[in-house]
Amino acid sequence: MTVRLQEEDFDVSVEAEALLGGRDDVGALVTFVGIVRNRDDGSLLSLELEHYPGMTEKALGSIEQEAISRWSLNASLIVHRYGKMIPGERIMMVATAAGHRRDAFAAAEFLMDYLKSRAPFWKKEHTTTGSDWVDALPEDERALGRWADDA
Amino acid sequence: MTVRLQEEDFDVSVEAEALLGGRDDVGALVTFVGIVRNRDDGSLLSLELEHYPGMTEKALGSIEQEAISRWSLNASLIVHRYGKMIPGERIMMVATAAGHRRDAFAAAEFLMDYLKSRAPFWKKEHTTTGSDWVDALPEDERALGRWADDA
Amino acid sequence: MASAARKKIRVMYFAWMRERIGIPAEMVETSALTVGELVRELSTRDDRYALAFSDLASIRVAVDQELSGFGHALDDVEELAFFPPMTGG
Amino acid sequence: MASAARKKIRVMYFAWMRERIGIPAEMVETSALTVGELVRELSTRDDRYALAFSDLASIRVAVDQELSGFGHALDDVEELAFFPPMTGG
């Protein structure tokens, strides 16, 4: 159960290998990778990711603990980058390892939903016409609702 | 949109890189990796995977087409191995790339649910006490039900 | 009523169907009209076939590489496959 | 009624809160009892603060690195942070 903040890129295979660590009780590994997506008109130059050092680790750690208490997981990982990235670059990843695929899928979606709205990250977009902070989406906040029944 | 059957192992990062191919319109990449899971008592020696050459490619191809018609995907991939594997080895993977995480997650789960029950693969377990074919699970068949409403 | 023409069909067996029958595939000449009729024909051949086909609920059938059912007609069918429920992934 | 003791709190600003106020963090001495009272105090300082805190619905607050609300009491609080809704992932 690991949380890591870093400026540099990561390799999904290397992270997955470290997560599994040669164990043979895992049947399902789900990974999610968030990537800097260009705008339809190609106008995005770069994305700048700011975070709140200290709180970020705490928030991600408690989201991960919540996932562990809800699903039967063998291991999980959150890696999130900060700083400047260009379109096509990896921003972050989560990985969940479980005996069965249902647990791995549900926990990965849960981690993403909470990370989106409850972990202190902010994105600023630099485009050909200026720079602006990305607005939070109402659907990201609403997405948390679907986990409430299981609480 | 690719389907590949092979005896040899695969590398998730290499597959993901090939899938994204430098494009910058992808915001979310979900991968699922199925792994040979040992039994709780450690008695599994190996898993043998048989498939129906010809039909496998057709079945996986049509499952993938169905996913493409239901969700907004940029790209998808199914790699499935056959032959003999030991506990801890990768059996198969699916990857789905989309603008948004909802589509990528839902399509990956859909691909897995259909692949489990509708693609011609059979697993035989070789254990310290004998060999036997793995039974299909009723919940895998039931899992298909949740996609029926969207049809 | 048209008389049933004899036709040749490639029949394949997978997983424990293959093991119980003892061969992975064979050419079968039959005048059966449906998959179900062919199954009854095969079942009478010998004990191996009878045992392999004894519980139809646990057997799936593919007609020309598409999942199908025992009621499927055999006209123009080139390849049939019998196997247990699938367990990939 | 206990008189409100003066206390020192580290106040941090992120994303457009940081940009509008012009600094990432500062030590604030206050006798405010709640986060909301402190916000009203800060808002009266100058236009930058007034603008930054003008729409509370679009501001989130963390008290000692835990998401909290404007009604939270300031007793024993060491670190406060104000920022827009989060957009990670």
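Order of writing sets the chain letters: A, B, C and D. Residues in each chain are counted from 1.
By our rule, contacts are C-beta pairs under 8 Å (C-beta built on N, C-alpha and C of every residue); 3 or more make two chains touch, one makes a residue touch a chain.
Computed from a predicted model, the values in this text were never measured in an experiment.
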item	value
Intersection of the contact lists for chain A and chain D	none
Chain centre separation in whole Å, for chain C relative to chain B (CA means)	27
CA centroid of chain C to CA centroid of chain D, Å	74
Whole-Å separation of chain centres (CA-atom averages), chain A against chain C	49
Chain A, residues touching no fewer than two other chains	34, 101, 112
Residues within chain D bordering two or more other chains	89
Full enumeration of touching chain pairs	A-B, A-D, B-C
Residues on chain B engaged by chain A in the complex (per definition of touch)	11-14, 16, 20, 22-38, 40, 87-88, 99, 101, 104-105, 108-109, 112
List of chain B residues in touch with chain C within their complex	34, 49-52, 54-55, 58-59, 80, 91-92, 112, 115-124, 133-136, 141
Contact set on chain D toward chain A in their complex	12, 14-16, 62, 65-67, 81, 83-89
